[in-house]
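Two complexes, one shared chain (chain A), two partners (chain B, chain C).
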Partner chain A sequence: MSAVANPRSSGRPDAVRLMLNNRLATGGLVILVVMVLLALLAPLLPLADPNATAPANRLIRPLSEGHLLGTDALGRDILSRILWGLRVSLAVGISATLIAAFFGSLIGLVAGYAGGRTDNLLMRGVDMLMAFPYILLALAIVAVLGPGLINALYAIAVVNIPFFARNIRGVTLGLARREFVDAARLSGKSHLRILTGEILPNVAPVIVVTMSTTVGWMILETAGLSFLGLGAQPPQADLGSMLGDGRRVLFNAPHVAIVPGLVIFLLVMSINLFGDGVRDVLDPRLKSGALARPMGRTAIDPRAGDAMPAPATEAVLDVVALKTQFQLGRKTLRAVDDVDLRLREGECLGIVGESGSGKSVTAMSIMGLVPTPPGRIAGGTIDFRGEDLLGASDARIRQLRGGAVSHVFQDPLSTLHPLFTVGDQIVEAIRAHQSIGHREARTKARDLLAMVRIPNAAQRLDAYPHELSGGMRQRVVIAMALANDAELLIADEPTTALDVTVQAQVLSLMNGLRREKKTSILFITHDFGVVSAICDRVAVMYAGRIVETGTARQVLEKPAHPYTRKLIDCVPVLGQSDRRLDAIEGLPPSVDDLPEGCAFAPRCPFAQPECRKGEIPLFALADERAARCLFPLSAAREVVDA
Partner chain B sequence: MHSTVEPLMRVEGVERIFGGRRKLFGGHRAGVHAVQDVSLDIMPGETLGIVGESGCGKSTLARMLVGLDQPTGGSIRFKGRDIADTLRNDFNGLARNIQYVFQDPVSSLNPRKTIRSILEAPLKHLLGLGRKERAERLGTLMDAVNLRPEFLERYPHEFSGGQAQRIGIARALAADPELIVLDEPVSALDVSVQAQVINLLADLKARFGLTYVFISHDLSVVESVSDRVAVMYFGRLAELGPARALFADPRHRYTRLLLDSVPAPGKPIVACEGSEGDLPDPYDPPAGCAFAPRCPAADDLCRSQRPALDAGAVDGAHLAACFHPPLLTGETAGDGQL
Partner chain C sequence: MSAYIFKRLLALIPVLFGLSIIVFLMMALIPGDPATAILGNFATPENVARLNAQLGLDRPLPQQYLIWLGNLLQGDLGRSFALNRPVLDEVIERFSATLILAGAALVLCSVLGLLAGIVSAVRQFGWTDRMITLFVLIGISTPSFFLGLMLILFFAVNLRWFPASGMYAIYGGGDLPDLLYHLVLPAVTLAAVATGVIARLTRTAMLEVLRQDYIRTARAKGLSERRVIYRHAFKAALVSVIPVIGIQAGFVLGGAVYIETVFQWPGIGAMLVNAISTRDLLLVQGGVLVVATSYVLFNLAADIVQSMLDPRLRR
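Moving on to the complex of A and B:
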């Protein structure tokens, strides 16, 4: 049974600690535990009989001798009744939750997994349940079954089934289309096994979260029914019926109603706070406040920026010794370490690397787009046309973003807003930076679309992003990036999500723009083919550092760093199908635990003992050519000599 | 196709239309024609590559080959037996012979299961092995995909993409199938890891005598792994032929365009279309060749009549659905580009 059993053992080990870190939730938990303990211990505590009436002692005020919380209209001890009533309310609330959770989740799981007609049938039934106001439905159920606590429990459970069913169905629907379900099917698992063994463990946290956030609600509903006289029958104590009793004497003895009211409040509040805590631990994405946006700009270490003023005047962009780090708990990830980049007017510089090499973080650091927390720029200088970007004000950075410096990202569909036409979005981009009228901006937008060679530009202004193909969308994004005469275009894998024929079109477009408008392009990619097509120079990154730079042609034809060589060799090339791919063994190191010396040494076939010691600088091999390697490949050396 | 060896799998006129049921109040809702009239043979021991751009129906075809989806027309036969019959009686009967490797290695592994329980499932449910045999076989599997046995106790999130894909491959191998359908198995991986996985797949094929259907949008990857290649466009086969011949001398204008679009060192960017020809409407496929709107050589014939797969054939092995195929090498020099 090990394949289907123990589904929950993957819980994070520090779940309890996470929970206790949340003060509100811990407070809720403490109150809840105290209340549950008191309720459980009620029979053992030296309490008066909750149902013993004593007309002589009726409506005694709280804090009196022998009756800490006073007595009610029949002279019964309120403290005793509260504790016994708490037992009832908790028992009913929790049982109703369990029943509703069981049946609701069952319906949700089956409907979500089966889909189609089954789903339709089940969910329409649930819809019908939901169409009645819940209290009316509960009343109807109680009316049919007769008043009484158990019947109230059934009523509340039934009324809450739709809530669970809909929640769980939504989650299941998403999971049932996931690839691991297909994989389990191909592993020979039956539908029942998939539902219980594959999907349930993934849905379980949602069920627990839904339960923890509904128990309080169910207790309130029980109290409501009892208040109306449909739940607990006299003389049985229950928080709701006590509240109902107190209502009749509200004006001359308010404590009879206030005490159970306060207890209900405390109970529901503590359960809800605790429930929120459970939810935050089990499902961090839903955490309230977790979606808070990062700061508008990457935090900059005060030490950064005073390294040295960059002299070069012809450079559009001059990055010196850039360090960007991420602080995750106690770990510091050195995502970008000592990166130098220089980009001239009209030049295209490629940054090549694998995922995690720091190429995107480098690009995002330039305009302060690395999210803070956890990212921060820990050192270096970034100069844009002689202006210190790290020292610039936030207002200036906002002015530059989308103005002189624009970004093009990988996925055009997530860059464009789905609910606005592309025309509106381009107009917005223009008017954010230029004080021109709407009509003029629209004309400009049309010209921009024509410039990126979108046929029927005037009509396409009114198209929504989903109406355009992937290539068209990326052209729109490029048009937006160029809307304010960008001098520097930072393109982060702009063609990776596109088909190869579309990629060719976008590359040729960017190449043309660069020549016509003298736009400088920082082009981030993992594909050497793309580099050869568009880049003048290239910087290869590995583990947060530049390991080799040079002109695209030099680097591609005569790589100096063994990593570059291996990276080129491990990619199949059209027309060379007989070559066995020369894979790089092993994995890139994690940037929080870099080896001493060369980061590539553990995977390098030419590594020597010296490679594993000390700091290895970027050695200049020729003009504009450098490699961070003690033993650059000989082919590259010949180039230098020649 | 004319060899005496029986094909392992024969796909005949397969069609898959999504939706297209009757509406509640009369009328007929148009369906999406995802795959139309695809016929091909998969020979034992070969690697058949299937290339095409997004939305061309290659993944839909792949899912039908393993029984995760059923064709709305045509038939798929495995060793002479219609898989629809096999599926009706026993889904697992098919899964014992045909397995699948998914594109996204991480999402194809259940995040809440250990690698051991993921890999044990096929051994238990498909092969019915006992505890001891399972343990033995797990060791062999992990060894086959170059993973350390202690990884068995870990959870999927602890693995990198390349390692996770090895686990996906191990799961496909577990049931000892004859045919493995690989749907973009390396597309989600970094290039350095991609090569490791491609080499691993080649080794496994030789070692276990497997047959592969290798689906990818990356032409150079497909070229490097395939014996034969099928090019799909808009749900149909555009070209089918031996890998070498097809890549050297494509007989369909679309294949030509694909090959020209791949950027490579020393090659200028070839953006082959002045204006982007969008894909035709999948709800209402055109009467003629679907590629005609983007094709430099299209004429009235192409627009009115659909070319059969042998319209531009070189011989029985190299077929192309093109009325005006690009000329063969020697006569070509720069042909097919505008």
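Moving on to the complex of A and C:
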């Protein structure tokens, strides 16, 4: 939200985050290994007998001589009991995990592989088990089998079977339809051999991930059952039953409860940390939340805007030497590099280029709508009616957004909020800038919908975006952009997602606006056909730079830059079969790795050795006409000569 | 909308049917003679025979189920031999106490979890985010029964702010302040884990939503960041968090077993633990049935709320 670029917040945070995650996972692993080793070595360590009672030594505090962690209500050494109890807890937790993994995976494999009715029947059963609250089902099973550690183990295992069954079934279902499984089937292998030989190896990582994420829960829940007195029965003890014992003397000797509680906590946390690490490595799809969120306004380098005083012009919009960059790791993508634009009142300026040329980023930079991170305005000035936009406060920018300057974006399905009615969204746009009541704003919204020729405007107010057709949705977006009589309309491919007839209607709608309300339009498109229909002037962009400017007629009739020529040739014209429909050979260059000289040279049929050297400036060809080309096409040069 | 709710209610019938079969089988699968199991080892042979006949346990399993279901539909869940009163009466009484506790915990974990998740996402990678992430990690790794004991030690024994137990006035006598006074510690304990889970998922959902095109549209309209985040982004994120809250209802209802034991809250969880120890199996059966049914209803409610938020789900 701050206008000042924060060097730490630019760039992908993944590296930092991953390192932190890995460090946590490593920490978890170290604690886990130490605990497992202690548990395994318990019989060899010089410990007191965990079950030897000594009534004389009841409830000794920790750090006493001979009893590092003190004694419990029966005078038993807590350190010794903890290590032995840890053995039991680990053994029970891991056994329960293995049992659940075995049966759950078996059900999942069979259901996913067999499909059809077998799948249906098995999964219905699994769903039924999941309809019970997890712990309640375990309790019910213990109720049936009777209290005891082994019964608690079974209960916890059974309760976890559905998780495995569901996860494994999902993966198996996908695998069972793959070619290599078909091939194995055709080669006459038995179902059992296909399952164990072909499918199981591919499912194994999912089983491991599910185990690593559930084993902590299972240890926790067995401890819980023991805590309630339904698991380990005296004299046998696990961590849970020790905590249960401690509860009885909580008020006069809290350490008896605290020590086993902390050990359970440490054990479960180390398993969770390690499990997260395992999951991140084996199943990166789940590692979301590491994505950086875009801020409310594009970050602006403090240097930007200082270089030049605001030029006093009659232009509505004046962009000078704009540089917008994306920081991806250590790479800097110069998405927009030294772009100049000028837009007069009532004028329509087209920015034309292929995707990736920087035309949308140019348009989004004006009102600071380029996502930060990773975007950042690195230099230049943007003036709207003589006001410096890069230096303006966030509050002023908000006032202008949707007010004097409004936007129409490309895909109306994703740009309208799916959960609000179109009426609510338009009303919100109106009331963000006009202090009128809801009722009045709603009437206005209806008028706006009628103005963009939406039939039954009053009823459509209550429609959700998904209930409208693509053309309708785009008209809603335009209506929203017109809500506050914008002076400048920034339209980013507003017709691309629409079919041709609707395209024509939307264009004539925008054209009408321009005539009637003197709205200036910045029109971003890749289609010269659209340019000819609406634009007065054109700027052609390639690899983040303007390569040609001029009036729409000049550029369309006599393109100077070979790239412009290629773009124009791409437009099919009805009834003219001699137009070439060839696309431009090659791909636009990546803006982090531009060749020296002309960026288009590698794809240009007229390229000369000079084209690949040095910096090629924008050569003026005539008044308001320029091209970034050493050898402008001859037809255009004639215009200059004439 | 009402058509959608009706459709969901219809879909509820097979689920409840399956639930009743499982709960019924639970009793039928008890090793040995069920009547002996119900009445205990010291029951006289006449009593065992009479109960067998009364419960229809001498008949084939499907027939037994129908008899049991018929009784159930008439509100007859049998008699608790240990308490010597109808199971249904006891279960309803206890369940109301659990509902207060679980409901409070559910409200608490939803509000705190959602708030923490939003703040975490908005201040992504800032110190607030790191603190919340740390708390979430601790929250989901701490056994709730241990957390309960620690809260008792700290707030009830040392600070004497809240009582450790003694919620007996729930059946009358106690007023609202008294109830809240007794409710704070158990509700906080019960909510801790679920808060962590909800916070984690809310953060992920918010970060996902904030990258969407319609958020850019909201900003392009000139809305304040507050409105963009709390109205536009949060509503969309909520749609994916609501089902998780529904699932958490199960963990809260189940976790009540521990918390009620720790705080001696007179709810159905504590009742179940006692009933299992005394082998009062009809009481266990009734308790499990009621809690599981309420969980199914919680999830139904979550689905309905979700479809109220998202019109695309109503079809």
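Everything below uses one rule, namely that the second predicted complex is superposed on the first by the 410 of 642 C-alpha atoms of A that agree within 3 Å, B and C clash if a C-alpha of one lies under 4 Å from a C-alpha of the other, contacts with A are read in each partner's own complex, and residues count from 1 in each chain.
One rule holds for everything that comes next: a contact is a pair of C-beta atoms (placed from the backbone, for glycine too) under 8 Å apart; a residue touches a chain by one contact, two chains touch by 3 or more.
As the structure is a prediction and not an experimental result, all values here were calculated from the model.
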Review point. In the superposed arrangement, which partner chain does A:Gly188 touch: chain B (first), chain C (second), both, or neither?
Key: first
Check your understanding: So, does A:Ala56 touch the first partner chain B, the second partner chain C, both, or neither?
Key -> neither
Practice item. May I ask you to decide whether A:Pro455 touches chain B, chain C, both, or neither, giving the answer as first, second, both or neither? Key: first
Check your understanding: If you stack the two complexes on chain A, which partner ends up touching A:Met367: first (chain B), second (chain C), both, or neither?
Key -> second
Check your understanding: Touching A:Lys566, do we find chain B (first), chain C (second), both, or neither?
Key -> first
Review point. Looking at the overlay, what does A:Glu428 touch: chain B (first), chain C (second), both, or neither?
Key: second
Exercise for review: Kindly classify A:Leu44 by the partners it touches after superposition: chain B alone (first), chain C alone (second), both, or neither?
Suggested key: neither
Exercise for review: Give one of first, second, both or neither to describe whether A:Asn511 is in contact with chain B, with chain C, with both, or with none.
Suggested key: first
Exercise for review: Tell me which partner A:Glu354 touches in the superposition: chain B (first), chain C (second), both or neither.
Suggested key: first
Exercise for review: Using the superposition on A, tell me which residues of chain A are in contact with chain B and, in the other complex, with chain C.
Suggested key: none
Exercise for review: Flag every residue of chain A that touches chain B in the complex, lowest number first.
Suggested key: 2-3, 7-8, 10, 178-180, 182-190, 193, 198, 201-202, 354-355, 453, 455, 469-472, 499-505, 507-509, 511, 526-530, 532-534, 556-557, 566-567, 570-577, 579-585, 587-588
Study note, to complete from the structure: Counting only contacts in the complex, chain C reaches chain A at residues 15, 18-19, 22-23, 26-27, 29-30, 121-122, 124-125, 137-138, 140-143, 145-146, 149-150, 152-153, 157, 200, 203-204, 206-208, 210-225, 228, 232, 235-236, 239, 249-251, 253-255, 257-258, 261-262, 272-273, 275-277, 279, 281, 284, 288, 291-292, 295-296, 309-312
Revision key, fill the gap. Residue positions on chain A within touch of chain C in the complex are 1, 9, 13, 16-17, 124, 128-129, 131-136, 139-144, 146-147, 216, 220, 223-224, 227-230, 243, 246-247, 250-251, 254, 257-258, 261, 264-265, 268-269, 272-273, 288-289, 291-294, 296-297, 367, 369, 371, 398-403, 406-407, 409, 411, 414-420, 428-429, 432-433, 464, 466-467, 477, 480
Review point. Across the complex, what residues on chain B touch chain A?
Key: 53-54, 66, 68, 91-92, 95-96, 99-100, 102-104, 107-113, 116-118, 120-122, 124-126, 155, 160, 162, 168, 171-172, 174-175, 190-196, 198-199, 202, 217-221, 223-224, 243-244, 247-248, 257-273, 275-276, 278-279
